[in-house]
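Next up: some structures, all given as structure tokens.
What follows is subunit A paired twice: with subunit B in the first complex and subunit C in the second.
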Partner chain A sequence: MNSLIKSYGKGLTALFVGLTVVWIAALIVLPQISMVDRAFTYEDRGGAAATLSLEIDRAYQEVFQISTSLDDLRAEKEALSSGGSAASQQESVSALDPFATPAPTPSQGVNMLDPFAAPSASGSSNRTAAQIEADEAPLIAKKSELEAKIVTLEAKEKASTDTVGLDTSYSLKNFTEMSSVHLQVFLSTMIYALCVTVMAFALCYPVAYAVATATSKNKIAILMLGLLIPYAINELLRIFAWVMILEKNGVLNAVLDMFGIIDLQVGEGFRFVASNGAVFTVMVYAYVLFMVFPIYNTIDTLDKNQIEAAKDLGASTFRIHWRVVLPHAKPGIAVGAIMTFMLSAGSIAVPEIVGRGLHPDWFSQVIYRRFFEADSWNQGAAYSLTLLLACVVFILFNMAVFRVGIRDIAK
Partner chain B sequence: MRGNDVILENLSMRFGDFVAVQPTDLKINAGEFFSILGPSGCGKTTILRMISGFLSPSQGRVIIGDKDMSGIRANARPTALIFQNLALFPLMSVRDNIAFGLEARGIGKKARQDKAQELLSLVALDGHGDKLPTALSGGQRQRVAIARALAVEPSVLLLDEPLSALDLKLRQHMRAELKELQRKTGVTFIYITHDQGEALTMSDRVAVMNKGVVEQVANSDEIYANPATPFVASFVGEQNVFKGKVVAKENGYAILETPLGKMLGQNTQGLNQGDDAILFVRPERLSLQEKPGQQNSLSATLERRDLEGPFVNLHMRAGEHPIAIHITNVDQTHQSLGTEQKLWFAAQDAVVMRPGELASE
Partner chain C sequence: MTTTTLDRQNGAVASPKRNPIDWSGAVLNGYLLLFFAYMFLPMIFMVVAAFNASPTPSVTDWQGFTFKWFEQLLHEERLISGLGHSLLIAGGVIVTSIPLGLAGALLLTRLQSKGTTLLYTVLVSPILTPGIVLGATTMIFWRDALGVQAGLLTATIAQSSFIASYCMLMFMARLQRQDLVLEEAALDLGASSFFVFRRVTLPFLMPTIMTAAAIALLQSIENYNTTFFAIGPSWTLVTEIGARMRFGISPVINVIGVLFVAITIFAATVYVIAGRAKERA
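Moving on, here comes the complex of A and B:
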């Protein structure tokens, strides 16, 4: 702090500190707090209450339908008793009806107006009053039965809103109520992310080693360019490029076709997309740079004489790496692993685009759906907090395994 | 441990168009302390790397103990290399560093530890085995590097300026230690340095290199007293250099006509009358004496006087020509500046050579 003041003066230092505090508060702490708050707030909206209100709505709808049918029957009955006047009345009804056919029969007109009318109402026009009453009786019975049901349901609903309702108390329910499907997705996502990390490491270590130990300056420049250029391209484009390659009628199948391994003409061809392999491949490609650079940086600081000294003392290539290069590169590997793991565990674009919904879900997709499709922000927050915790655990685990401190990682 | 002899046959190294080592033939004897001395960039390290197997020569071959090393990789050669920066493994304990070569050979833990202990005593580091190399002093690290190299019982130890990172006192101390270790172990040492003091004090024989060419191979006394080329003469020790033309020669001596008058010196290269020539006289061979009527008499003014302790360096000037004199700090050392002095050197202390490249130091 004092050194800051010394080198930048009081005003500028105050500005720095102020901006930093604002940044930390507004963009890191506040959103996190609200996220945590949501995660621990349990809102009972999906369960019993919702089912109840749905049932009540349905009952009301049915009651409405029945009463409409009853009205129709009653009208028919009146027409029968008042004779000829019924014809003109029915005509006026059909005139009102925009869907009326050019030569409507009276009953057809009624039918068009009321699609829910009981089938008996569409019978011949010369029905007797007794017949109509026979139709009426079961409907009336059903209606009263429904009305009784509504009363009990509403009572029940009232009771439940008083006790559970929109219970916004703090609880762990958002976490503990994770369904077994979601839990499975979470666990498999962790394993997938671990796989991606391991694959990225297996790919990056040799590359980083080769670049770091290359003697010719040109070679280093070319290798660096080769690594960097793909990352100048937008991530989505990079992912879509892979879709182009892996599509059923994509580049890879075309190449296989060219070599006569498959015949696209007769519809042969592998469906590479939407498989674990495809998602892994694209994800490794998408995040490989975050693994390469930390490892490259640490190996680059290794005194190359140590490699030669080990070789001179008779060490095999494996032993040179195991005893000299890897121990030195440990902080870089830890950083690379942490970054790759966190990025791939939280990746949503790759599983969404390459996975096509056919590949088993990534946990990030579940979180997205909780938020925006199931409209359950609290559960979404709880899930993302779970993911965050898993990543923190991974970081700590990494630091323990590689025996590196925060300080080494910061380097 | 036993040393092996090392033979370089027509060995040369080319990097693109640049020839780092000209074709060289050299025989280094078993159990010898052999130094390669030369200025920076003359190809010393390149030769060493060819012997150790990290570089394959463009031409020629290396033979160690009757065995042709062509195609044998570094980790399978009976050599061990000590790097200029030592290249200790910083994450391993001193003991593990020393035992690394044995570990690489699949030797069991117990045997490794015993051997490491033995070597720790050899280099007087008992009790430091569990420390990390960074916890040791420069000289101690130096000894760890030597112990680590000796652990694999090499028959040839290659040392690439191993003392250059140490301060002067320690360097002089380590010279004696290295020489003693070499004597104790009997391993052939090939020692690279650009420090003539190191080369002259420790070596049984010295090869002086310049621009990829080995100019002379001889023991230290021979190199100092009878340099074979102007480069060796001027690179090893200091010289007063006088350029001129041979005007006469008689029984092994030649008379040179120089801007400072006629001078007489040994004609080791058999120059003839009319040849261009250079005459070298060591500063300690010049004396502040007046020998009237004798050849090789000069007069010069004193410009600077540097007291080194046991001896005194006098910087004088004869006309435009700078002249250096070393005299022991016994008597007549309090010459006053600016006074004209008479100088003289004996003809057998001066060497006349064909003109050639001089060391630029």
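Moving on, here comes the complex of A and C:
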């Protein structure tokens, strides 16, 4: 601390310390703590208040469905009175259909809609205004009944305090309740991320070596440009370029068509997107450059005379790399591996866009769904913490294997 | 070097064989050619498809040259306002992460204590944390502790947490090359430490501050994973692109791709040329 005051004076030192403390507290440590706190807080949703709020939600949903069907009926009536063509009626029916179809999970609202959807789909063209009104009447009655119910339920909810029923307690349940499917997704994500890392290393080591040992300045400049340009282009756009290639009517299928392997005219063609292979390929493509630069930086500092010396002493190419270049590149490999693993394990863009939600999940997608679809922030926090811990373990593993310190890693 | 050499770079990589007997060199050059084809072909497809009249982006099904997708981009209000949000966030990120990174770097380079490594580890940890975790923790903390809902502010803060670390590393690299004699001389001549900082250290750091600001801008605009979690109901250019891509692809995205590629090639060329000019000087 004295050395600081000596060089910057009291005022500036206080300012720098203050800024750093704010940074650590507000941007790094406190957010992590609140995540850990949530991860270990278990919310029991089975309590009375939880059931109550669930009931209210369901009632609202039913009211919404009834009003949409009422709207449709009204539209149908209007079409009838204005003497609309059968075609337009057909359209209004098809607009209704999607509402009746999401019925794999039998809920009250859908059951109630079904009997109404069925006749309208079968013989809508010869329904009279009277029939429509007959359909309307019970719906209107049901709607007002539900609205009354909502009022009483909400009054009840207000009367009971928040703590009743919504039991929160510290426990490991958010982790242990991780279903076997989620666990499987987690493990396969880790394995895939490892594979991506190994692939990226295999692909880019020769490139990093070539750039670092290139002798002509022009060649170095061009190679650097060739690496910098794709590196700087947005991750999403790089993914997008690949989606174009892998689409059913994309470049890859067209090339296969050209060679006569498949015939696009008769609708043949592989659906490459939304497969694990596609996710894997695009991920390697998207993150390989995060491996190139750290390795290039370390090989660049190697005294090239060492390579010459090894060559003169009769070492084989393999031996030169194994005994001279690779040992020197260790810190770079560690950094590249850590960055690539972290990016691919935590990637949400690639599985969301290339996977289209059709291929088996990536763990980041599970986390996203916990937060924003299941509305279970605590479980989401627990899963994020799991992902973070996996990355920490990977970092420590790399530090041990490549014998590098934290200072070598983040450079 | 002109930009025309850029177009031929794949050929230029493989052509000069220094030594005809050097087989491993030839293999390496051939491999480089393949690698750069792997890197660049998808981009070329993306750029070409932006000028194809076909409503689904394609290079194989050519339906005529057109600029209509460029025109259509001007009518895409969500994309344009998304760009506005992106720039707003980037401005906020620059303003927060440069002072933070600078403060951290100045402390770490001068602090002589055993705690330095721990401090360093904490300050670089955001770089090593998956982006979605940064986004999620920021979102949780600001809602739970301060009642701030996810939006542009939380996105700015979440991005700053790791961009500040990148800035810090750049400043540290620069500070390690600083000649302390100048500072000491100024102090000996009776300058106050604040004066020395303002007139000696800060001017020395100025080029790095500029580079750091440029990199912070790029990183902020580019960022998807962290922003995706922390932005809540709002959107940036990149999250909007991502949202659209999930429902299929449109040539308007190709147009954005063309613009990004053009800007990047320009910036990268300037960067490399400037670097070489500096080397020669």
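The working rule: the second predicted complex is superposed on the first by the 275 of 411 C-alpha atoms of A that agree within 3 Å, B and C clash if a C-alpha of one lies under 4 Å from a C-alpha of the other, contacts with A are read in each partner's own complex, and residues count from 1 in each chain.
Going forward, a residue touches a chain if its C-beta (ideal position, glycine included) is under 8 Å from a C-beta of that chain, and two chains touch if they have at least 3 such contacts.
Just so we're clear, the structure is a prediction, and the values are computed from it rather than from any experiment.
Student: Of the two partners subunit B and subunit C, indicate the one touching more residues belonging to subunit A.
Tutor: Comparing touch counts on subunit A for subunit B and subunit C gives C.
Student: On the A-aligned overlay, A:H328 touches which partner chain: subunit B = first, subunit C = second, or both, or neither?
Tutor: Touch status of A:H328: first partner only.
Student: Check the residue A:A232 against both partner chains and state whether it touches subunit B (first), subunit C (second), both, or neither.
Tutor: It touches subunit C, and subunit B stays clear.
Student: Answer with first, second, both or neither: which of subunit B and subunit C does A:A315 touch in the superposed model?
Tutor: A:A315 contacts subunit B only, not subunit C.
Student: In the superposed arrangement, which partner chain does A:S347 touch: subunit B (first), subunit C (second), both, or neither?
Tutor: Second partner only, subunit C.
Student: Please indicate which partner A:G277 is in contact with in the superposed arrangement: first for subunit B, second for subunit C, both, or neither.
Tutor: neither
Student: Which residues, counting only subunit B, touch subunit A once they are in their complex?
Tutor: 52, 54, 74-76, 79-81, 83-85, 87-89, 91-92, 100-101, 103-105, 148-149, 151-152
Student: Give the list of subunit A residues in touch with subunit C in this complex.
Tutor: Touching subunit C: residues 1, 3-4, 7-9, 11-12, 15-20, 22-24, 26-35, 38, 203-204, 206-207, 209-210, 215-219, 221-230, 232-245, 247, 249-251, 254, 285, 317, 338, 342-343, 345-349, 352-353, 356-357, 364, 367-368, 371, 377, 380-381, 384, 387-388, 391, 395, 406-407, 409-411 of subunit A.
Student: Mind pulling up the subunit C residues that touch subunit A in the complex?
Tutor: Those in contact with subunit A are residues 1, 5-6, 9, 12-13, 16, 18, 24, 28-29, 31-32, 35-36, 38-40, 42-43, 45-46, 49, 56-61, 99-100, 103-104, 106-107, 110-113, 117, 119-134, 136-141, 144-145, 157, 160-161, 164-165, 169, 173, 183, 192-194, 197, 218, 222, 224-225, 228-229, 238, 241-242, 245-246, 249, 253-254, 256-257, 260-261, 264-265, 267-269, 271-272, 276.
Student: Once bound in the complex, which stretches of subunit A touch subunit B?
Tutor: Of all residues in subunit A, those touching subunit B are 303, 305-306, 308-316, 319, 323-324, 327-328.
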